[in-house]
Structure formats: C-alpha cells, structure tokens
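Please find one structure pasted underneath; my questions will follow.
Chain naming follows the written order as A, B, C, D, E and F, and within any one chain the residues start at number 1.
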Amino acid sequence: MFSDKEFLQRIVGRLCDEASYAQLYHYAYRDVPMPSVTELEDILELLRGVLFPGYFGSSEVNAVTMPFYIGSTVTEIYKRLTEQVKRGFCFDCSGEQKVCGDCERKAIHVVKQFLEMLPDIRRFLATDVEAAYYGDPAAKNKGETIFCYPSILALFHHRVAHALLKLGVPLIPRIISEMAHSKTGIDIHPGATIGEYFFIDHGTGTVIGETCIIGKNVRLYQGVTLGAKSFPKDEYGNPIKGIPRHPIVEDDVIIYSGATVLGRITIGRGAVIGGNVWVTEDVPAGQKILQTQPRDVTFDQGAGI
Amino acid sequence: MFSDKEFLQRIVGRLCDEASYAQLYHYAYRDVPMPSVTELEDILELLRGVLFPGYFGSSEVNAVTMPFYIGSTVTEIYKRLTEQVKRGFCFDCSGEQKVCGDCERKAIHVVKQFLEMLPDIRRFLATDVEAAYYGDPAAKNKGETIFCYPSILALFHHRVAHALLKLGVPLIPRIISEMAHSKTGIDIHPGATIGEYFFIDHGTGTVIGETCIIGKNVRLYQGVTLGAKSFPKDEYGNPIKGIPRHPIVEDDVIIYSGATVLGRITIGRGAVIGGNVWVTEDVPAGQKILQTQPRDVTFDQGAGI
Amino acid sequence: MFSDKEFLQRIVGRLCDEASYAQLYHYAYRDVPMPSVTELEDILELLRGVLFPGYFGSSEVNAVTMPFYIGSTVTEIYKRLTEQVKRGFCFDCSGEQKVCGDCERKAIHVVKQFLEMLPDIRRFLATDVEAAYYGDPAAKNKGETIFCYPSILALFHHRVAHALLKLGVPLIPRIISEMAHSKTGIDIHPGATIGEYFFIDHGTGTVIGETCIIGKNVRLYQGVTLGAKSFPKDEYGNPIKGIPRHPIVEDDVIIYSGATVLGRITIGRGAVIGGNVWVTEDVPAGQKILQTQPRDVTFDQGAGI
Amino acid sequence: MFSDKEFLQRIVGRLCDEASYAQLYHYAYRDVPMPSVTELEDILELLRGVLFPGYFGSSEVNAVTMPFYIGSTVTEIYKRLTEQVKRGFCFDCSGEQKVCGDCERKAIHVVKQFLEMLPDIRRFLATDVEAAYYGDPAAKNKGETIFCYPSILALFHHRVAHALLKLGVPLIPRIISEMAHSKTGIDIHPGATIGEYFFIDHGTGTVIGETCIIGKNVRLYQGVTLGAKSFPKDEYGNPIKGIPRHPIVEDDVIIYSGATVLGRITIGRGAVIGGNVWVTEDVPAGQKILQTQPRDVTFDQGAGI
Amino acid sequence: MFSDKEFLQRIVGRLCDEASYAQLYHYAYRDVPMPSVTELEDILELLRGVLFPGYFGSSEVNAVTMPFYIGSTVTEIYKRLTEQVKRGFCFDCSGEQKVCGDCERKAIHVVKQFLEMLPDIRRFLATDVEAAYYGDPAAKNKGETIFCYPSILALFHHRVAHALLKLGVPLIPRIISEMAHSKTGIDIHPGATIGEYFFIDHGTGTVIGETCIIGKNVRLYQGVTLGAKSFPKDEYGNPIKGIPRHPIVEDDVIIYSGATVLGRITIGRGAVIGGNVWVTEDVPAGQKILQTQPRDVTFDQGAGI
Amino acid sequence: MFSDKEFLQRIVGRLCDEASYAQLYHYAYRDVPMPSVTELEDILELLRGVLFPGYFGSSEVNAVTMPFYIGSTVTEIYKRLTEQVKRGFCFDCSGEQKVCGDCERKAIHVVKQFLEMLPDIRRFLATDVEAAYYGDPAAKNKGETIFCYPSILALFHHRVAHALLKLGVPLIPRIISEMAHSKTGIDIHPGATIGEYFFIDHGTGTVIGETCIIGKNVRLYQGVTLGAKSFPKDEYGNPIKGIPRHPIVEDDVIIYSGATVLGRITIGRGAVIGGNVWVTEDVPAGQKILQTQPRDVTFDQGAGI
C-alpha cells in the first residue's frame, strides 16, 4: 500500500511538471472552452434535417408543418452554432489583447451570414444528388443517394464547412471536414472550391487539397489524390501557408480510383484520368490518360510475390 | 432586435419555399418514417451476439443459458427488423397504389426467411474467421480476428446485407453495407456474391462492386478495387441498372494492395495480382501480375518531388 | 399463429445446436467477460485529457487545478484500465490451469508500468505535433493539429497501444489500434516501432505492419503501405508468427500517397518514395523513386475507359 | 456446475408455468404494447413547454420564434400522444371483436379535441399560479411558483389528465396522475372536477377522490383527504364503480393540513376546516371547524410516550 | 487570480483534513464499492418484467417466447443481483478478518434461494392485485392496478426486500424499500411481515414498522402509521435493536387515513380504525374506533384560524 | 387532410396569441436561460460525494487520492454552481436596469463563500447522522443512515439550500429543497434554521416552514407540520412576505407523527408532542401533549364507517 501511495503521487507529480505538459497544453483564454465536437455533430444533424427535410430530422414534416420544423430548427442552429463559432474565434485569438465580446459579436454576424447561404447550399446539394444518381448504376433512386451515399454526406459537410471558412471562421470548418473524413474516408479540405454536380463514388481515401478548384460535373472515384507536389518554406524552414499548390480540375472531368494528381496543374475540360496513374503536369481538355501495362510474370505456386 | 426578427422570418421563409426544398424532400408516404440507422445498428449488434455468442452480446452465455439468450435475442431481432424492413418497403413503394398492409406482410415474410438463413450465414462466417487467422501472421488467435478484425466486421455486415438483398428488401441492405464501410473503409456492395474463406487484410479503401462474383478462399488487401470499367446509358442518358459489369474472381486468388481490377473480366483460379496494378482484361488461372519497375531518380536534397 | 410458434422454436433450436456455434463461440473462462470496447474508448478519452490537458477532458484546467485534474483522472485510468487489461490476460489464458488472481496481479503490475511511461509518451507526441505543423502548409497552428488531425489521433492510439504491447498485454493493444483505424483509416499495428517527429498527412488507407521500424522525422501520406511481401508457413500450413517481415524506414524519409513498400527491406535515410510506386527492394539513402510516366491515350468522347 | 444448470432450468420452468403467471400476465392484443410511461413523461414535458413557454422547453422563445416553437412542439405532441392514446384504447379493448384501426381513429379524434382544449387549460393554470402566489407568503414571485411549486406541477398534470379522461381515454389519465403523485405526494384522481384559482400548499399526502367537485378559489394544505366514506358492493361483492362518493367543496373554502373529509358531503362556501379534523357531515357556508383541545399530560423525563 | 489559487487550495485542504471527513467517510474494504442504487433500480425493473410478464419488460411475450424471455431475464438478474448482494455483505463486514471470497459465496447462495422464492412472491402479488381491484371503486380493471397503483409498486418492492432480508442480506433490502418509499410515499420496513390480499389506497405517508405482523386481507389508507411507541436503550444510551415494538394487525382489518397505531399491540380480526385516530392499546376483534367529534367554532370572516 | 392543415394552424395560432400566454411566459432576460434542474441535480450529487467521501461519488477514494478527488470535484462544483447561481440572479433581476456582468460577479462571490462553508455543513451533517443512528432502533449502523435514510438526504439538501439562501441566492435554494421534497416527501423551506443532531424518522409529509427555528437534538416523525397559523395581508390583499410566523422548537424536543404545530409559538426544551395533535399555543419545557382518547364505537359487520 505504501509504495502504491508513492507511486500515484510520483506519476501525478511528473505529469503536472510544466516542462512535461507545456507543449501539449491549451490554456483556455478567458475560460472559453474548446469547441465541442459533440455539439458540432448535433448541429450538423440539425442542418441535415433542414437541408433534406423528411430524410433526416423529423420524419413527418409536410407542407403545413414545414415552417414549424424549419423555424424551430433554424432557431436552434442559430443559437448553438453561434456558441461554437464564438469558441472558434476565442481559440484563435487566445493570448491577444482583444476582449471576448468581440468574438461573440463576430460569431453572431458570421452565423447570420451563414444561415443566409443555406438556400444556396441546398441548391448545390440538389445537383450533387443528381450527379450521384446518374453517376452510379448501382443507385436505385435519388432518395437512396441522399440517405446513404458517402459522397452526399461528404459534400454536405464540405459545403457547410467551406461556407464557414469563407466567412473567416477558424478551426470549426476543419472539425466539420474531419467528421466527414472519419465517417467516409473522404478528406476534402474546407478551403477547396467545388462546383455543381460533383460526385465521388465509394470515396474512401480520396483527398482534395486546400487550394483545389473543381469545376462542374466532375466525377472522382475512391483513392484519388488532388494534392500538392511540394511546398516552399520560409527562411526559418516553416512551410509558407496559403499558396495555391493543388490542381485545377475543369468541368466534366472524370478521375478513376487511385489516381494521384499533384501540384497547381490544370486538368482540362472533359479529360479522363485512369486509375492509379500519377499526374504532375497539365492535361489538355478532352485527353485520356491510362497507366502503362503491367508486367506479367508467372511464379511457382505456393511462393509469395 | 427588429432586424433580427425579420432575419429569422426571411431565412425560414426562403427555406420553406417549395422550389427550394422540392428536390431534397422526402414525403413520408402514409406517415411511415424512414428506416432508422440507429435501430439498424442495434439490430446488427443483436445479430452479432447471436452469430458469435460470448464474443458479443451477453458475455456469460453457456450451454444452459444459450437457448434463453438466443431465444430472446432472436425474438427481439424478429420484431425490430420487421419494422425496419417494412419501412424499407414503404420507402420504395411511396406514391404507388399499394396499401401499406402489403409492406408489413412482405416484411414479416422476408424476415422469417432471413432468420432461417442465419445458421448458413454463421457457417460462412466461421470460414471467414479461419481465412483471417491463416491469412495474417499478425493474428494471435481466431478469437482476436472475431473480436477486432475489420475483415470479419465487414463480412458479417455483408453476409447479412446480401441475404436481405436476395430476399428483395430495398434500401436496408445498402444502409447495412454503408455502416461497415464507414467503420472499416471496406465498401462491399450488398449485391456482390462472395464465397467461403474470404479475407481482406487491413481493408481500408477496398471496393467490391455490385455484380462481382468471388469464389472460395480469396484474399484481398487494402485499396483493392473490383470495379466497373464503364457503364452503358439508355437513350435518355440514364445509366442502365443491373448489368453485370464487375469482375469474376475465381477460387484461391490473391490481390495485393492498391490493385484495380475493372470490368466483367475473370481472374482465373489461383492467380495473383500484385499491388497497385491496373487490370482490365482476363487473367488466366495461376498467373501472377506485377507492376512494372518504377523509374528511379535522384534529385537534389531539399527539393520536392 | 401455430406455424409461427414452430418457426421461432425451430430457428432457436438450430442456432443453439452446438455444431452450429462451436466455431464462433467464446466460453468466458471463470466468468471473466471480454474486454469492453466502450470502456476502452472512455479510458483512451481520459488518457487524451491527461496527455493534452486543456484540449481534451476538463476544459479549464490551469496551474492550480492541474494536480486535481491529473490526479483524479490518472486514478480513474489506473482502476479502469487494470480491469480491462485483466480481461485481456484472462482472454488469453482461457482454458489453462492458471488461477485468475494471476491475471489481476499481472494487470496491476503492467498498468503501473504503463502509467510510468506516460511522460515519455507525452514527450513523443509533442514531437509528432511539431511534425504535423511543419509538414502541412494547411495547418494553421499547432493546436489545430492536436485538436483535429487524424495523424495525431492515430499516433496517440499507437503510442499507447505500443507501450501496452511491449508490456505483454494481449488483445487490448490491437483493440486500441483498431479504434484509431476505424476513425482515421490509418492502420498501424501496435507492434510497429515509430520514432519521434512522425507525421501521416490525410492518412486514409495507410498501413504500417507489425514488424516495421521507423526512424525519426519520417513523413507518410495517405494510402501508403509498409507491408509484408509474403510469409513463410510451418509444416502444417500455418503462417509462422512474429518473423520480421516489414520495412525498416530510416530517418528523414518521405513516402508519397499510394506507395507500396513491401518486405523486410530498408528505405535509407532521407530517401523519397513517389506516389503509387511499388518498392520491394532496398532503397539507398537519399534516393528518390518515382512512378514511370503514364501512357497517354486519347479516346473518342463519350466512351468509357 | 451441474446443479447450477438444473437450478436455472427449474426456476425458469416454474416461472413459465401458466398457472404461475396467469393472474399477472398481460397478453398484448394484436401486438400493441402497453403505453410507455417514459414516453408519457416526455410528452408531458413538451406540454409544459407549450403551456409555460420560456419556463420549460426551449429557454429563449420570443415573439418571433414562438410560432416555430409552439408549432413544432404541438406537432410532436400530436403524433406521440396519439400513439399513446391508441395504446390506451387497445389496452382497454383487449380480447374484444373490434379491429385495431378503430383505436387509432379514436385516438386521432380524441387528441385533436384535447389539443383544442390547451388554451383553456392554460387559462386555468394561470389562475392556479395566481392562487399559489397569493396563498403562500413564502412565494417570492409568480415565476417561482411556476418553476418549482408542487401545487402547479400537480395541477398541470391534473388538468391535462382530467381533459383526457373527459374525452374517454382509458388508463393514460391515471398514469399521468400517478406521475404527479409520485413526484409531489399529491394524489388527485383524474376524475375530480376542480375550479379556477386552486392551490395546495406543500401538498404531500393530500388526496382528492374521483368524484370530488371543487369550486373556485379553494386552498388545501398537505395531508388533506377528500375521500369516500364507504362504498356499496354489488350482489357479487364487487365494488360498484362510478357512484358519487366524494365531497363537494364550494368556492373560497380553506382546508388545513391533515384534515379528513369523507363522503358525498358539501363543505359550504367560505368554510374553513382546521388541521387534523375528521369531517363526515355537511359543513355550512362560512363555518370554521377545529380539532378539540388535546389532553395535556406530563410524563417523567426519559420515558417514551 | 492569485487569491483564487489560494482559495481553491485552502478549501480543498480543509475538506481533505481527516478530522473533517472522518465521521462521514466510507473506506471501501478490499476495493469493493458501495452497492449501486442505479443497478438495483435496473434489477428491480427486470424482476417486475418477470413477475408481471407483458405489463413490464418485453411487451410482446407470449406462450412461445415466455421461456426465452423469463430465461434470459432471470439469468441476468442472477448475475447482477449477486454482484449487488456481494457488495452488501462486504459493506457489512468491512474491517473484519473475513476474506472477500466469503461474501461472493454467500451472495451466490442467497440469490439462488431468492430466485427459488420468486414463484411464491408472484403468488402473493396476485392476491395483492385482487385486493387493490376489489378495494378501490375507482379501479377500472386489474391491469390498471398492476400498471399504475402505488400499492402494487410498494408491495412488489416490499415482498422482494423482505425475502432478501429473511435470507440475511444487509443494506440491499433497505435500499429497495427506500426506492419504493421515494416513489410512492409508502414506507414499509423490509422486516415487516405482511399477509396476502394487502392493499394500501393512495398510500402517501403510510409507515409500516420493522416488527409489524400483518394478517390477510388487510386494507390501509394514506397516512397510516404502524409505529413504535418508544424504544428501550441499553446502559450506554444506544437504542436496543430488534425488539418487537410495532403492532400486530390481524386478518380483515381496515385502517383509515391518518390513523396512528403505536406499540406492540394487537388490532383484532375485522377491526376498523377510523381516520386520524391515535391508538396505543389493543383493539378487540370486530371493534370500530372513530375520532371524537371536532369542536365546531364560527369565527369572523377574514380572520385566520 | 385539408381540415388537418387548418386544425394545426388554428391550434398553434391560438397558443401563440399573446393574450393566451402572457401570464405564463418567461422572457429570458439577455438570453440567460432558467436554472437547469438537471444541472442542479448533478451538482448536488457532486456535493454529496465531497461531503460523504466513499459513500457517494468515486467509490475508492482513500488517503492518497482524497486531494485529487476532492480537488477536481470542488473545481467542477465551483464552475457549474456559479453558472446556475448566475442564472438565479438573472431570473430575479429580469427587466431591471442592471447589466448582466453584475450577476456573474455576484455569483462568483457567493459560490466562493458557499464553498468556504462546506466544512461546517459537513460537521452539521455528521451530527445528523449520529441523531439518525441513535434515534431509530431499525438503523443497523451509521453507514446505512448515510446511504439510504431520507432524513439524511433531506438535511443534506436543506443545509446546502439554507447556506445559499443566507448568501442571498434567489430561486436556487427553493429548487434544491423541492428536489428533496420530491424524493423524500419532507418539505423543509430553505429559510428554516435547524440546529445540530436533527432527525426526521420516515419523514413523508413533514413540513417545516420558512421562519422556523429549531434547536439541537430535535426529533420529528412523519407527517409533522411546523406551519403558519395565518398570515397578514397588506392593503392590496397581498400576503406580507417574511414575517416570523412559524414555531420555535427548542432543544431536545420530540414531535410524533401527524402532529400540527402552528404559528410563532415556542415548544419548550425537552417537550414531547404526541401524534396527530394540533398545537397553536406555547408548550412549556418538559411538557408532554397527547391526543384525547378516541370514541370507541361498534358497528355491524359489513357496514362502512
């Protein structure tokens, strides 16, 4: 027992040594806690109900009850999202001289602008549903794509996160993106600009970088990377943030599974990139690029590769 | 405050405009709500306890209590799954002339048939456990593969979803598949036919398309695509649904990570497909296919690729 | 109704037939249940709060309350983790002659050693945070990487799981790894040895095998496989467990997305492996390896690939 | 172990013997389950939010959001209460020849009528709040009585339960009354008729019987019984149901703690009944009734009574 | 901020001073925690489902599924109640020399005996349901009394708690009684012996002491006390425990609301005790006792009592 | 359907009519919501763990972990209670000119003072435990009274609520009292002053009014009222608040069940008040007061009273 006592005190003492925790410690500025991931999950669920009424949220919304349902849900989103956005601003401004009222005022302002954008977000998502239905022969009807396609889930998160990022909200957009990344395996940076009628089939492992610009009617498959080739560093060796370094993908492009497209290059309108290829230079409009033929080899049975 | 009032009313008004929501709105036919994903998750958890007794569900089931446990759990599954299957039928038949009693009757009929299939599903899963244990040197014992291998989780979901799909249940099989896809990154369409002793190591990013036919004792790795090359459209530009368009993989085939196999081709018995290769034509039995050698290049230190 | 009665009794009877369940049944040895995944999730969440105070767990921990918070949380971890580790030992020793007190004693011993390692684990994670911040131009600040980067989540799980594995704990490390795999798509076997300043960008589909040895300051991208080429089997056809069969990756190596590195080969210090390449032989220090150029082909518009 | 096996089987066998359970078994007619007490608790909570907006339910309802909040909450009450009322009807009609559609139709009809009564119920409750505030010198303001006085809680339940009972709903009103009884110790039978401005101070142990008729502006204290003196039985010894057998209490009466008023007698307008008295005959208007003086006795110190 | 720091440390220091907590501190003997009230609530709910099948627990139990339901529920009760009973024994034996295995063994033994008593407990409860139905003209049917009468709830708790007390279980019976006391206001000490066909109408405030013996077919109302008159103390001033000091109530007695019956006296068969009376001496069989007439007084209008 | 549409709109319209809700509507001043009863329940549970360590809260607190446990729990109470107290102040000041920062500042100040009082509250509760153990022959040990006696629960709530009331906190003390009232049936106004060694046996229905002053070592039983005889009203008919109007009970008094003691009278030291009596005048020290003998009457068998 005695040694046990020393044991716990020693461990706790070591873990409370400032040298141990300093690098990984967040000092809550003016007692504003970190944004809550659980709260944001709830808020996204409320937003899903607003954007896709009847599919999510209250199941028996109809023409009469629509205003009640949308009204009360938007009110709740307004309040709860404002709190989270405020926390995002506070996280970002920690340690500076601003007073916290600023963060709250900015949050209210930003969330109002965001709510004004909801009809547009809904309009874009309607085109994504079209794209999913027409882009996948396995889709039985549009409702199925709304209800269970990872592409629609990822784009719902992305279009919300992108709108918030454009409004200058820190941290929250990234959290919203990571939620979708965790659930679908699709990693779209909230900074990416994506046009209408976008579809990612299967999607696991697909990555769309921060400065990508994607046109209309583009279709990707799983495991596609739209990434950066390399990134310049400043004189202190820090990566320079915010430089355009990801591809521009024009309208009507298809990129098959596992393809890697790197750098600020342009994939021209209507081009098709085959599976597993590695593209680091511009592709002209209409061109199709395939992997070279694999080498065929016959081994003895029983041996591995 | 006054502007605030106008603000909320305006937003709600815009979101309640039928033109805004029409494309993304689900009208609950005869007040039958959408299937509940949470309910289906619970039901799958109950099924897991029935199929793998002692590993999941009640932890101290034994020879005496087995009938109590299986009996009460199957009873609960029967009831709760019937409700969800009914909702699936109602979702599908929305807007038609059938009366809802039909959906309930069909659901009861189908769930009974499904329950009759459980012993067979369990038998297949036992072979999958064997395959996982013998296919992965890192597996310490079979129990470990049952308890925490994504392959077993994905196949448990698939074999259940496939059975329901074969019985004509709409929507639900797809939801069940997507649950496993979200958790494991393995995307098996419920339509795919998969033989005994199947194993997918690691699994993230592996995709198995709707019309795949996979033989016995097949092993895949992560990032493998068994996909469609292209798909014909009808005169209106809609993809034609249900045409065989995915590979046939015969017994004893191994396909390494990142390989892409596309189209209604046949990978012959005992063939081995190397990592990251792109296969769009038949592979004879016993053949091994590898990627061509990469180009080796030395760059200056410090530069990117 | 009568047939219904027969129906349930028949199904239950078939599922309770020992021949049906024998292969998939876990007999709880001395009534010790399986480890609880939910419990382990809670414990990992408590550990996250201890290792990254202020980011997770109690949000307003400060210099005064740090000992209260760390003290009470470590006490709770001590107790709850010991219970789970004990279950892990019991799972492993099922059917043998040992008495269960052994498992409890071993669990207490092991968890104490594990808690002693927490300051070191924290120190390693601090370097991983550095690596994430400097390795990703999209990272706005270090806090963002702690709070929402999958790489940090995966490494937090890995460094904990690896410590427990080294201490001889069965099953639990694998469960902890799979939690992170499920959430991030990054599959790091708890046996892998990973040096300081490690970063995996995006990460989905990346696999790091059981016997990998990774040096300092290594950066991977999504879809990278550090796998085994093949594995020897014993005279009965069982895979031989525990043989070194995964790559050694030396300091300062970068491996781009989709690359596959197989077998007990060495990727020399500072080497760069390009995306989608397939490497099965040693790579000298400083070398860069790229995929061969894809074949460019122009097809008619409208056709698939 | 063997005896254990026999043990469980024996117990279960005995408990499954129909002779054992027949008296206490509810056969769910057409699979309609019992009303759910938890559901009814939720529904009452929703109703509280509608009747006392801002105190319960959404805390920041205002003139703009009132229609959203009331609209969505009433919609939800409509749906969920209808289900429970239907179960109440089904419970009552078990074993008869009616088809269940009847119960659903009746439930919808009745709940609509009930919802029409909400403004009146609210109006009555507003008078009860007045009565509580003016009747208790300890009440600091009206809000306090709404938020935490057992009298208001009991009357809220009663006025709802009474309305449902008047509409012919079986079982549910009684459940709603018992909820309040359990929380407040005030037992008002849903059949009792209670006028405006009613207040029960403290309330624990107060009982108001099924056929009571209580006027306006009546005040009771804890432990008051308005009960039946005795009840006639029919030729088979069964109590005859529904006969008026509880007191009529006219306007402006006060009844102090512990008083017992039994039988179909009338307590006349403005009468005052003192604490702990036993009243079985009419009391004229304006009269005051007190307990006779207690006998004073001095005992030796140390002895009990 | 500085004073804040001192503040928390000072408060915590004072509360951690052994002199402060010593009287109110429970040292968990051999790390066995206190019984869990929440667990016991769950266990009682499971028991309710077993004793009143169809009313509580699974709602669609029928002749086929009864053994599944009862079997799995009894198994769960067996396990979970044993754990709680063990904690009860450990609580009681804290600080003594016994080893904990004893408590576990005793718990298993006792719970088995308790389960053997369930059919008898059920038989008694069936008579209590009869008594409630015939004793209350407001009862519409027997099902209503099972589902929502506080008398049945209190007797269900009492008959379970009494059985456990008779088997020598410490603490747990009292916790079970207090649960019912809290919900119903009926306080029956688990030591009281109560015959068949017992009914307490309304019940709030009724108290039945530890050494009461109550015959068959007895009916009480709310606010009845069957208490002790006084209790002898030993030479140190401690109350002597366990001496018979509460009333014996013979068959067919009725005691009306608010009556107080004190001491080891006998209320003879068929006697009737009126409301609010105070009885401290034997009452012969068949006798009826009423309160003396209250003094009637007319006061001026407007004055208080 | 059409009438349905009109129906919901009509109901909602009527309930949103300001004339309907005005009397029962709480306008959240500066968006500060009502205190949360659920939060307060959690906070009280945390306080219970601090005051009675080992009985409630963490079950294995010991000399080493006491500071961790007390420290982290007090920190949490500090924060969460401050929020609730702030809401209490805001509720009270609604509509006035103060700025909300005031309420927060006052809340912090008050909660700090409250925390300073915890050691004293604990000291008083330790005497109440003594009183319960020595006052009830059925109590097996002191731990049992801490763990499940309603008297201890009610006094724990009271001593906390009283401290907060003395510090000027509005609303919250009353909520805390009502929690205990609901659970135990004991209604102690937070304003009442109660000395050491206080015990209420059984307790249901006991009422202790706002201005009561109770000495040391007093014992009450169930159904005792310490109430007001009447209360003066001001010229507008409003009850005048805060006037001393409840009894003073001196040291060592015992009051038996159902007794009613009304008005600002004094029950002298060591007096004993018998059950069911009605006392409205001073009782000298040492006196014992009993009810007059009941009238005995013999009726015919079979008749009611």
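Everything that follows uses one rule, which is that a contact is a pair of C-beta atoms (placed from the backbone, for glycine too) under 8 Å apart; a residue touches a chain by one contact, two chains touch by 3 or more.
Values in this document were obtained by computation on a predicted structure and should not be read as measured data.
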Farthest CA centroid from subunit C: chain D
Rounded to the nearest Å, the gap separating the Cα centres of subunit C and subunit E is 51
Averaging C-alpha coordinates per chain, one finds the centres of subunit A and subunit B separated by a number of Å equal to 23
Two or more other chains are touched by the subunit E residues 8, 12, 60, 63, 65, 67-68, 70-71, 74-75, 185, 204-205, 223, 231, 256, 258, 262, 274, 276, 290-293, 305
Contact graph of the chains (line, ring, star, complete, other): other
Which chains touch? The pairs are A-B, A-C, A-D, A-F, B-C, B-D, B-E, C-E, C-F, D-E, D-F, E-F
Interface with subunit B, subunit A side, in the complex: residues 50-56, 59-60, 62-63, 66-67, 70-71, 74-75, 78, 112, 115-116, 118-119, 122-123, 125-126, 129, 134-140, 143-144, 146-150, 183-185, 202, 204-205, 221-223, 229-231, 256-258, 262, 274-276, 280, 290-299, 301, 305
Subunit A partner, complex, touching residues on subunit D are 58, 60, 65, 67-76, 79
Touching subunit C in the complex, subunit E uses residues 4-5, 8-9, 12, 63-65, 68
Subunit D partner, complex, touching residues on subunit F are 7-8, 11-12, 14-18, 20-21, 23-28, 31, 33-34, 91, 170-171, 174-175, 178, 181-182, 185, 187, 189, 191, 204-205, 207, 209-210, 223, 225, 227-228, 231, 237-243, 245, 256, 258, 260, 262, 270, 272, 274, 276-279, 286-293, 303-305
